[in-house]
Amino acid sequence: MAKLTYRHAVARGIAQEMRRDDSVVFLGEDVAAAGGVFKTTGGLLEEFGGRRVRDTPISEQAILGAAMGAAMTGLRPIAEIMFADFFAVCWDIVANEIAKMRYMTGGQITLPLVIRAANGGGLRFGAQHSQAIENWAMAIPGLKVVAPSTPRDVVGLLAASIRDPDPVIFLEAKSLYAVSEDVEDGEIVDTLGTARAVRDGGDATIVALGPMVPKACAAADELAEEGIRCEVLDLRSLVPLDTRSVLESVARTGRLFTVEENPRLCGWGAEVSSIVSEEIFGDLTGPIVRITTPHIPLPSAHALEELALPSAARIAETVRKALAS
Amino acid sequence: MAKLTYRHAVARGIAQEMRRDDSVVFLGEDVAAAGGVFKTTGGLLEEFGGRRVRDTPISEQAILGAAMGAAMTGLRPIAEIMFADFFAVCWDIVANEIAKMRYMTGGQITLPLVIRAANGGGLRFGAQHSQAIENWAMAIPGLKVVAPSTPRDVVGLLAASIRDPDPVIFLEAKSLYAVSEDVEDGEIVDTLGTARAVRDGGDATIVALGPMVPKACAAADELAEEGIRCEVLDLRSLVPLDTRSVLESVARTGRLFTVEENPRLCGWGAEVSSIVSEEIFGDLTGPIVRITTPHIPLPSAHALEELALPSAARIAETVRKALAS
Amino acid sequence: MSAIKESLVPPDEGTRLNLYRSLVELRYFEKRVYDLFLKNLVGGTTHLSLGQEAIAAGFGAALREGDYTLATYRGHAHTLARGVPMAPILAELMGRGTGLMSGKGGSMHLTSVEHHVMGSYAIIGAHLPIACGTAWSAQYRGSDQVTVCFFGDGTTNIGAFHEALNFAAVWKLPVVFVCENNLYMEYTPIGDVTAVPRPAADRAGAYGLDPVTVDGNDPDAVYVVAREAVGRARRGEGPSLIEALTYRHGGHSRADPAKYRPEEEVKAWLARDPIPIYRQRLIADGVAASVLDEIDRWALDAVDEATEEAKAAPPPGADLLLKDVWADGSATWRN
Amino acid sequence: MSAIKESLVPPDEGTRLNLYRSLVELRYFEKRVYDLFLKNLVGGTTHLSLGQEAIAAGFGAALREGDYTLATYRGHAHTLARGVPMAPILAELMGRGTGLMSGKGGSMHLTSVEHHVMGSYAIIGAHLPIACGTAWSAQYRGSDQVTVCFFGDGTTNIGAFHEALNFAAVWKLPVVFVCENNLYMEYTPIGDVTAVPRPAADRAGAYGLDPVTVDGNDPDAVYVVAREAVGRARRGEGPSLIEALTYRHGGHSRADPAKYRPEEEVKAWLARDPIPIYRQRLIADGVAASVLDEIDRWALDAVDEATEEAKAAPPPGADLLLKDVWADGSATWRN
């Protein structure tokens, strides 16, 4: 048991898997010699050498193409896309190639690969370096989408993603890199598609993801003091989606709130909302409410960015109002 | 008044606007000399010359970058991305540059440009040439998203898009290119953000877009014979979204069905569903049901593609069952 | 035409007969596909290699089993040339359940992992980076498998081309990039949209590679250049970029009557049809016409047989719809 | 070092004083930004041009009003060199409501349409295609405005670079692409990830352009090359690609102590700091030291004044949050 930061959990998860499986390789920009621009991958080059841990040119299409080609011929590559926003320069390889290959080839090709990226806002990096792109990935059939909210989950879900036989988009919350917690020693392997209840309560269900989880918890704690008890579910992955946990919880509480970092339109919260209103409409006792960033590019000034992203206060206020009416 | 195909409506709309405004220019792959691979832009080179109608290399980033740079310095470019799937190779220019520029610059830059693309399936072109990508665009703040379902709407909405001061993603349904209808002569200019009721009825609301509109109408006609009367709304644009028409209709009928061509997760139907269940929950008399392509890449064989895309029969059956239970 | 210094030895007779067999096989096959789509038995879109067969054939002959190839939507020839049987390819084009990918991929995505045909790709440029990956994997595993990646002249203007070439050169990957310059990107002449006369060869230097061009209508020449580049790759000497000059006899795709090409240009290139020329050459070099006739007959029979087999096959079952999104065979995204 | 044949005339004294002024202005400004982020008054990330000032200054001096420039996230210098005042830039970096873009863009996106500074771009490569657009627009409108697009060595390996260069060459656009080769893409030496020694110049030929390199630490040399390339563009003779060799004095960005660079390399380049060298040169050529001191003082005062102004400014008002997504000023996507 020792303190582990979210940042260092990345290297730990990768190292754990590289030690047990020689087919795991890792590539990206500035990831090897420099240990990553977010200092998430320090020590990997030293331990595994330049054959397995490789720096690349600024060529995201080549990085992901190389990962894809390697995955279809026996390797299990991990590729880093530095900021999730940069998926836009290689989206073809992700959405048109990687995601579709297995289906198009009638199952001939499997692609055991992981693409990691620093996702989301909160660090004043501006509109092109702060996007939460989970919904881009969720909208593409053939991609699994994972987004851990704690250091332990980074290790366990990253290990699960690396062992998964399908392509996984692994979104690290850059606003959580500095967060730490006590994590046990030894191998940690988690399971994709399993949400976790991080707060219990029968008055409402709050579903959150990644950096919105601590905010939802803070809101729930605030509300608990007022006697409003919310169950907070950390989805942990969007594909596979643990709809069962969501449906069970909402069936119990009658109310659903979703908290999304992404801009409003077509977010995963809309998907969850539509599932709930289609499948357990009769259990709902009031409107489903989505809490999101407004449908705007993220502004860079601290004052504005703070306003844009869902905050604990906004979550609490939204739930409070909705339950009161 | 004369018969106009959906295909020819494209050139008519572009020509109408190029005639009135010399700042309108048009570029894309094989669009000029060859008149477009879907034969949508024939005659434009002949009428407007090679200065205004230009063939480009296979360089989608350059095409859209050029359109963007031109739009910020006084022109009103129309760019063609041949198949909507190819947005993936230039998504950065669309999602990170064009969509964000105005906001990031504090309103200094406006981008009056239109990007046209052939969208969707139904022609057995396989997974990389059949995608309905309206939700990709809708998820990005700063893009308007337009998808006409009739030849007349192609002309009128294209004209409105070209005159619009903001970037518009204009999605032509490739499965509708051969469809024709009588269209009046003379200038046609429509309004973005206005849904249209194409069938009336008080039992349920069916919201559809693009090529799903004729299918929804066929379903509504089938149901009408059984005494089930559905209002069918053609959204026509996703951004701006005519939520008012949707909310009014559902408030009347109590039931909402959405019909999406895109794969299931995070589609616009989820967005519409979440809006309705948040804002007029009390008016709903039963679950909201989404009819979509399953969350799979589109298969190429006719037999499978037919099964994948929503059909009139599937829509009718879904509505029938839902209203019966 | 530099860099290719050693092994200018022409192919031996066995190899040449093999090349001829491959050429006519590809030719008859593609003609049959054309007939079948005129009969509406092949749906969707289709891109034929008629006229360009010598490139797929020449490389096919120079490769070993286990070497990887990646092609474009215009990939029937490249798939056949690796030994993939005709019937499942035809069945795939006809949307049958016995298709090479069970009808789920279609004409533009022919893939046979069993034959190391690692896919046909329909988004321009995408497979060049992917070819870097199969080559990297071979390098990493210490196998001596070579990757060959085919693409067209128009493809040299898209970003992925540039990224892949630089990446392959820096990592010294065992990959051969083969640009089939058929003078047109779809309907637009490549010269109208490209800053250099030779879209691939004139750019080799940008990646520290030697410029190599070859007559893509000459199977012997292609074979020799292929053998050389593949050998270099196999020996760990890094990537090559080869520009093969050729011409397609028909339109870009099913929908295209190819009216945009000057008549004299078409005539001149039809006169350079690789197959009759090669046939003449073999006969001049002493091969009996009857041997070649026999090969022709065999190829035509093979195409006929495959056609019947594919025609007789049923469409894919509805159960395939929700199959094989994921490695577990399912399409399930939720519990 | 070819192609630039004519007008090797060195700049006159007025221009040189102007260049000097610009250099020290950029230098003091960037140093101030560094101080301010150490004091936590500048948030987010920041990329300084310390050491690379001669390039922005040289081009700035060679351009006319109305010419367009596009820069990267490392764009403070390029923005200042077009005459944009310091205070709103500093205010933008500090997230104030008086910022150049009201605080909504930040350090990486400096834009001043009034000065024809058509944006700073934070996704590698994206602005090269966009520069094609501003150049195309000028060409279309028959104006003689030239576009200059600045980027780094690492940027030459991304696809957009390739597409833009080819596009500009084919359309003969009035655009000058300026690669500031500071030897590193972020933390990785450019040589480790690039197939050719000169990432830009060695690729000019791939676009039918002449290779041009220039000492990016020599303001006179940059100015002369800039004047030449801008002149060509203005006369309708098409694009240029220029590689300017330089070095950044500090880390890549705010978070980077730049430990990955060999000490001797840093030392050698610090000895080539453009500013003291240029100062010496001017003095050797007869400019009075007092004149230069006066310019230094003026620049420092300007930076001080701008700092105070920016510091005093309030954060952006909450009303800005939902402003200016659309041309009508709103962020409304529904009725």
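By written order: A, B, C and D. Residues from 1 in each chain.
Just so we're on the same page, contacts are C-beta pairs under 8 Å (C-beta built on N, C-alpha and C of every residue); 3 or more make two chains touch, one makes a residue touch a chain.
No experiment lies behind these values; they were computed from the predicted model shown.
The interface with the greater number of C-beta contacts, when A-C is set against B-C, is A-C.
The most distant chain from chain A is C, comparing centres defined as mean Cα coordinates.
Once the centre of each chain is set as its mean CA position, chain C and chain D turn out to be 45 Å apart. Centre-to-centre, using mean CA coordinates, chain A is 40 Å away from chain C.
Averaging Cα coordinates per chain places chain A and chain D 36 Å apart. Of all residues in chain A, those touching 2 or more other chains are 56-57, 59-61, 85-86, 88-89, 92, 96, 103-104, 126-128, 141-142, 239, 265, 294-297, 299-300, listed in ascending order.
In chain D, the positions touching at least two other chains are 99, 102-105, 109, 121, 123, 126, 157-160, 163, 166, 170, 192-194, 320, 325, 331, 333.
By the touch criterion stated above, chain D contacts chain C in their complex at residues 157-163, 165-166, 169-170, 192-196, 202-203, 205-209. Note for the complex: chain C touches chain A at residues 68, 99-105, 109, 111-113, 118-119, 121, 123, 126-138, 140-141, 147, 159-160, 163-164, 166-167, 170-171, 320, 323-329, 331-335.
Across the interface of their complex, chain C is touched by residues 25, 51, 54, 56-57, 59-75, 77, 92-93, 96-97, 101-110, 112, 141-142, 165-166, 193, 239-244, 275 of chain A. Contacts from chain B toward chain A in the complex involve residues 85-89, 91-92, 94-96, 99-100, 103-104, 126-128, 135-136, 138-142, 239, 262-263, 265-271, 273-274, 277-279, 281, 284, 286-290, 294-297, 299-300. Contact residues on chain B toward chain C in their complex (touch as defined above): 29-30, 33-34, 37, 55-61, 85-86, 88-89, 123-129, 265, 294-297, 299-304, 307-308.
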